[in-house]
Amino acid sequence: MDVLYFAWVRERIGRPKDNIETGAATVRDLVEELRAREARYEMAFADLDALRVAVDQELADFDAPLAGVREVAFFPPMTGG
Amino acid sequence: MDVLYFAWVRERIGRPKDNIETGAATVRDLVEELRAREARYEMAFADLDALRVAVDQELADFDAPLAGVREVAFFPPMTGG
Amino acid sequence: MQEEAFDLGAEVNDFTSRQSGMGAVVSFTGIVRDIAAGLEAMQIEHYPGMTEKALAGIAEEASARWSLGDVLVIHRHGALAPDEMIMMVATSSPHRADAFQAAEFLMDYLKSRAPFWKKEVTRDGADWVDAKDADEDALSRW
Amino acid sequence: MQEEAFDLGAEVNDFTSRQSGMGAVVSFTGIVRDIAAGLEAMQIEHYPGMTEKALAGIAEEASARWSLGDVLVIHRHGALAPDEMIMMVATSSPHRADAFQAAEFLMDYLKSRAPFWKKEVTRDGADWVDAKDADEDALSRW
């Protein structure tokens, strides 16, 4: 599964993307896995209220299931326009 | 005093403008004077609800006083934009 | 106020390039629509002298109500063909909500408070366009 | 979605000339504003792939809600200087209220639902722009 990071999430983690094997059932489970990896992941995911998530390029919530999903992205609230 | 007509008011009266001497105290008095002139004025001023008035180029109502006024204009509701 | 056509894009670009520190520019353009009977021309009559005052007054009112950098209003008169542009407004503001609201306010007031009258000329004859209750009602929200 | 600058006036003119039977065209342009610390650049990051889907989805939603002739959305990414245009939307409709509302809707959704992030670079450093509660609140009116 591709896991993408944007804006300060990308900067804190220090890379734009991970490709990981995971059995995580939901986005929240995936976050717990990532947090356990390294301090920079722990820091990036410290406050989930400050984060948004997209599952296969659609906005989703942290309880979204990951079965069959190819791409998950984490980023702060959007500031376009 | 210049009295101006626009849109179908102008067409019904058959001219864009009259210059008249009047002792009319208000717009409504002026309308009564004009109505008494000829049938085409009577026709143009038949329904005051369908008319708007400007006094010295500012929108006004039919009770507006005419003392010192130089220009009165009658026209249907505006349809710009 | 002008009889000749205007170049919307050039006006919007000029307007925008004159702004500094503005985060938002909104433009509105009104275009002659064809009608069922087949429109040959839209004739726009206005009240010279009062028109300029009314437009300036409406623009001033908008500037007093919202935080605006600038306001532009162009309105044509004379005979226009279908798909020709009748008029345009542009507003600039630090904030998008102000630019949008001011542009809508300008349009609502232009429709019902500036001395313009439209006449539709078709093969079958010519008719003055009736004012719409909805246009008058639109003023009540400001 | 593009990195290069766009010509607002040319886009608005093109957009308008493609319309037929539309009485109203509204455009909105967002411009990089300078900030107190002195802005050197506004960097705009986006999410390739999702961005296009999100913009198309927002435009479709607008077309479903209002009577529109057409919708145009252009959004830049990369590094922009103060007073450069970031993005624009344009809408056309037979009626002005629809054109205005659809343009405001597009902007409100673009602000908070399209995957763009702004970073302000000044002499003192660089900071991600925080999302505003007001922008999120603006969605609730639709």
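Which chain is which? They are A, B, C and D, in the order written, and residues in each are numbered from 1.
Here, contacts are C-beta pairs under 8 Å (C-beta built on N, C-alpha and C of every residue); 3 or more make two chains touch, one makes a residue touch a chain.
Bear in mind that the values here come from a model prediction, so they are computed numbers and not experimental data.
In summary, the chains found to touch both chain B and chain D are C. Between the Cα centres of chain B and chain C there is a gap of 26 Å.
For the pair chain A and chain C, the distance between mean C-alpha positions equals 48 Å. Look at where the CA atoms of chain A average out and do the same for chain B: the two points lie 72 Å apart.
Among all residues of chain B, those that touch two or more other chains are 81.
Contact of a single residue of chain C with at least two other chains is seen at positions 30, 96, 107.
Inter-chain contacts occur between A-D, B-C, C-D. Residues 30, 44-47, 49-50, 53, 75, 86-87, 107, 110-119, 128-131, 135-136 of chain D are the ones that touch chain A when the two sit in their complex. Residue ranges of chain A in contact with chain D, taken from their complex: 4, 6-8, 54, 57-59, 73, 75-81.
Within the complex formed with chain D, the residues of chain C that make contact are 7-13, 16, 19-34, 83, 85, 94, 96-97, 99-100, 103-104, 107, 138.
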